[in-house]
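Shared between the two complexes below is chain A, which pairs with chain B and chain C, respectively.
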Partner chain A sequence: MARVPITKPSTFAQYATLLKKDLRREFRTREMLTSMGIYALLVIIVYGAALALTVRDLDIVRMSGGLLWALIVFTSLLGLGRSFAHEKEQGCLEGVLLVPLDRSVVFLAKATSSFLFMLAVEVVAVPLFFFFFMTTAAPAPTLGLIVVPLFVGTLGMAGIGTMLSTITMNTRARDVMLAVLFIPIVFPLLYACVTATTAAIVGADPWTDFFVMPLVLAGGYDIVMLLVCWVLYDFVVSA
Partner chain B sequence: MADSKKVKLPEAGQWPDRMLVPALALGALLTTTGFLLAFFWVAPVNGAKLSEPVMVGDVTVTHVQLLSQKIFYFHMPVAIVSFVALAFAAYYGLRFLTTRQQRFDTCGRVAMEITLLFVVFTMATGDLWTRFEWGVWWTWDPRLTTYLILMLIVIAYFVLRNAVDDPQRRATYASVLSILAFVDVPICFMITRVIPSSVHPVVAREGGMSPEMAITVTVVMVGMMLVAFGLYRLRFRQARLAERVEALKEQIEER
Partner chain C sequence: MNAIEAKHLSKAFGTRKAVDDVTFALPEGAFLSIFGPNGAGKTTLLRVLSTLDRPSGGEAFVSGADIKEHPDTVRERIGLISHQPMLYPDLTAEENLLLYAQLYGVEDAQGRVDQLLQAVGLAHRKLDLTRTFSRGMTQRLSIARALVHDPAVVFLDEPYSGLDPHAVDIFDELIEAQRDERTFVMVSHDLEKGFHTCTHALVLARGRIVAFAPKNELDFDEFSQLYHETVGMGVA
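Up next, the complex of A and B:
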C-alpha cells in the first residue's frame, strides 16, 4: 500500500485553497460577476432616469463621487448577500468548518474573494459610469487618483461585508438584515471615500484636507474593522 | 464548559438592587437641581445680558441663542451617558463571548436598551438646539452624522435580535454587533477634533468652561448616570424574573 503523507498544510496553503475554491466556482458559474455587473448597469440606468431633466445644468463633476459610491455600495450589497448563500445551499460551509483550521483563515479567504469580485465589477462599472455621465464634463487632471479611495473603500467593505453576511446568513429576511447592518457600519468609510473620490475628480484645493486626510481616516477604519472582524469571526461562524 | 471555572453571574436581588431606589431618587434630585442651576444660577455665556444682543466669538447672538444654550447642560451629559451605556453593552458582549453564559447576553441587551433610550434623548435635545441655534432641523455635520449612524446601529441591534431564533446564536451575533457598534464611539467622540465642525465645538480647545458651567454639567452628568444605573437595574431585574418564570413554566410542563 502506498504511504499517504500526513503533513499539516501551512496556514497560507489553507488560505490559498479556500480562495481558489471560490474563484474556481465563480469562473465555472459566473453567477456573482454577471449578477453584480448587470445590477451595476441597472443602477446607472436608474441614475439616467433620475438625472434626466437636470443633467444639463447640474454640476455632474461635483456629484459624480457620491453617485459612484452609491453604485458601489448597492452592487456590493448584492454580491455580499450572495457570497454565503451558495455556501449554505450545498452544505459547503459545514464541510469547510469540519477541517481543523483557524477560522480566521476562512474569513480572510472569503473577504479576499469578495474583494476581488467587487474590484472586477468596479473595473467595468466605473468606466461605464464615466461613459454615460462624464463624457462632456471636464474633471481635474488628478482623476486617475480615484483608484486609491476605490481600493481602500472596497477593501473595508469586503471585510465588514464578509463578517455581516456570515451573521445574516442564519437570520430571517436575510437580505434586508444585511442592508440594515451593512450600511450604518460602513458609513464612516463611505463618507471618507466619497470625500476623497470627489476631491480627486474635482481637484480640491487644500489637497491634504480633502484627499489625504480622508484616506488616512478610511485606512485607519479599515485596519480597526478588519482586525475586529478577524478576531471575532471564529465566534460568528461557529455559532 | 463553565464548570471548570466558576463565573460570578449578575442576578436580580444582588447588592446593586439595594442601591436602586436611592440611586433613582438621588438621580432625580440631581437632574432637577441641575435643571434649576442651569436656568437660575449659571450666567449666560461670557457674562452676556439677555436684554441686548452680544458678541460671542465673532457672531452676534440674541436671547434666543443665549437661552437655547441651556440645552447644553442636558445634551452633553446625556450623550456621555449613552456612550458609557454602550461601553457596558460591549463589555457584556465580550463577557458573553468568553464565558458563553446566557446571563451576560441579558445584561448586554438591557444595557443596549438603556443606550437606545439615551441616544434618543441626545437626538431630541440636540435637534431642538440645532433648530434654535442654527435655524435648521438637521444638518450633515460630522458629529451629527456619526451619531445618527450610532443610533442606526443600535436600532439594527434590536432588529437583528428579532431575526434570529436560536438563543445561543442570537446572543453571539448580538454580542459581536455590540462590539462593532462600540467602534463608532471613539469616532463620534474624536470627529470634531479631526474635522472642524461649525456645530459642535471642542469645548476644551475653546477655553474650557467657567467653573459654574462645569459644576452644573457635572451635577447633571452624575444625576443622569444614576438614573441610567437605576433604570438598568430595574429593567435587568424585570428581565431576569421573566426568564426565571419561563424556566419554571418549562419545568412544570415537563412533569
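Up next, the complex of A and C:
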C-alpha cells in the first residue's frame, strides 16, 4: 500500500497552524473576548460606584495607573483561565501532544493568542476607562506613551499566565489556583508597569526614574520569564 | 519485525505502580486486545506506549522506535482513538482534520482530508461544526483524525464507550477496513467482542500481565474464566 507522503513541517509552520486554530475558534465563538470585555466593563462600573463620592478629593490622575492595571490583571485572569479549558474538554490538548512537535510551540501559540485577545480587550477597555474617569482630570501630554507599558506588561502576563494555566489545568480549584500563583509571580512586572503607566499619565520628571527604568526592568523580566516558560513547558505539559 | 516490544515496562504514580514489569512483543499486523478490571493499568499502559506518559522504568519500542529516546519518531508512527474524540467542537469536521494533517505535515492535506471524510461517511457534513455531531459521528471523525498521517500502529482506548449498537457496527467496519495495513492495540471491557476481534490477547491485573498469548493458542471459555478471576483481583 502506498503510504501518505509526509514532509515534517517547520516549527514556524506548526506554530502558525496552532495560532490560526485558536484565532479561528475565538472569532467563531467570541468566548474569551466577550467574557473578558464584559468583565472589564463591570470592573469599570464598580470603580465608578466606589469612587463616585470621593473622586473630586482624590488625585485620580495619580491613581489611574494602579486602577488601570488592576482592571487588566483581573480581566486577564479570567481569559487565561479559559484559554486551556476548551483544550481539556474533549482531550484536544492530548491530540496535539500526540503530534511530533516541540512542546514549546504549543506554549508559544497559546501565549500569542492570549496576548492578542488581551490586547484586543485593552483596546476597548482602556479608552472606556479614560472616558469614565479622566474627563474632568488633566493627564499629561505624554499620556499616549502608556501603550508601551501596556504592551510590555500584557506580553509578560500572557506568557506567564499561559504557563500557569497549563500547570493549574488539572487541579480541582483551577481558577483560584491560577490567581494564587499568577499574582505573586507577575508582581514585579505589575509594579514596574504601574510605575511606568502612572509616569506617562502624570508626566512627572525625572523620566528615567519613573518611566524608562521600570520599563527596562519589566522588559528584562518578560525576557527571563518567557525564556523560563519556553524551556520548562515540555516538562510541565508532559507532567 | 515486532510492532511493539515492551521490556520490564513500569509506570508509577507516587508509590502506586499502575504498570508493573510488563514485558511482551507484538508482531506487525497483529490486533492486540487488552483486558482487565477497572484500574488494572490498561489505559496507563496505552498512554505510556503512545508517549503521552513517560515510563518510570523499563523500555519499549513502538514500530522500532524507543518511546523514551525517540518519542517524536513514535508519534509519527502511531494514532490514538480514545473515548475522548480529541476534536475541537467549535471547528468544522474539515477544519479539525486539516489542523492535524498540517501539524503532521501531510503533503496533500486537503486531498487526504477529503479521502478520509469520504471513507468515514462524513463528506456531506464536512462544513458542520463537530459540536453538532452525534457520538457515533464524532467517533467516526476521530478515526479519520487518528489515521490522517497514515500511522503504522493504532491504539484504541475503549473506543466503543457511549456508542449505540448501530454506531458500533459502523465503527467495526471502519476498523476492519484498516486491519491489513496496520497494527491495532485495543483496550476493551467487552470480553467477547474484544476476543472475537483480536489476534492476540493480554490480561492485566494490578498493573501486571496475567496472560498474554496469540488467540489461536487460547480457548475462549478458559480465557473467560481467567478473566473473571482477575476481575476479582482488584486494582493496581
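We take it that the second predicted complex is superposed on the first by the 234 of 239 C-alpha atoms of A that agree within 3 Å, B and C clash if a C-alpha of one lies under 4 Å from a C-alpha of the other, contacts with A are read in each partner's own complex, and residues count from 1 in each chain.
The rule is simple: a contact is a pair of C-beta atoms (placed from the backbone, for glycine too) under 8 Å apart; a residue touches a chain by one contact, two chains touch by 3 or more.
The structure presented is a predicted model; accordingly, all values stated were derived computationally and were not measured.
Novice: So in the superposed three-chain picture, is A:G203 touching just chain B, just chain C, both, or none of them (first/second/both/neither)?
Specialist: After superposition on chain A, A:G203 lies in contact with neither partner.
Novice: Have a look at where A:C92 lands relative to chain B and chain C in the superposition and call it first, second, both or neither.
Specialist: A:C92: touches chain C, not chain B.
Novice: Thinking of the overlay built on chain A, is A:P139 touched by chain B (first), by chain C (second), by both, or by neither?
Specialist: neither
Novice: Identify the partner contact of A:Y191: answer first if only chain B is touched, second if only chain C is, both if each is, neither if none is.
Specialist: First partner only.
Novice: Quick one: is A:G219 in contact with chain B, with chain C, with both, or with neither? Answer first, second, both or neither.
Specialist: Neither chain B nor chain C is touched by A:G219.
Novice: Mind working out whether A:V180 is in touch with chain B, chain C, both or neither, as first, second, both or neither?
Specialist: A:V180 sits against chain B, while chain C stays out of touch.
Novice: Based on the superposed arrangement, let me know which partner A:T171 touches: chain B (first), chain C (second), both, or neither?
Specialist: First partner only.
Novice: Examine A:R28 and indicate which partner it touches, taking first as chain B and second as chain C; both and neither are also allowed.
Specialist: In the superposition, A:R28 touches chain C alone.
Novice: Touching chain A in the complex: which residues of chain B?
Specialist: The touching residues are 97, 145-146, 149, 152-153, 156, 159-160, 163-166, 168-169, 172-173, 175-177, 179-180, 183-184, 187, 194.
Novice: Would you pull the chain A residues touching chain C in the complex into a rising list?
Specialist: Touching chain C from chain A are residues 1, 3-9, 13-14, 17-18, 21, 24-25, 28-29, 86, 89-92, 94-101, 238.
Novice: Chain B touches which residues of chain A in the complex?
Specialist: Contact set of chain A toward chain B: 163, 167-168, 170-173, 177, 180-181, 183-185, 187-188, 191, 213, 217, 221, 224-225, 228, 232, 235-236, 239.
Novice: Spell out the residues on chain C that touch chain A in their complex, using ranges where they run on.
Specialist: Against chain A, the touching part of chain C is residues 50-52, 54, 71-73, 75-76, 78-80, 82, 84-91, 95, 99-100, 102-108, 112, 145, 149-150, 180-181.
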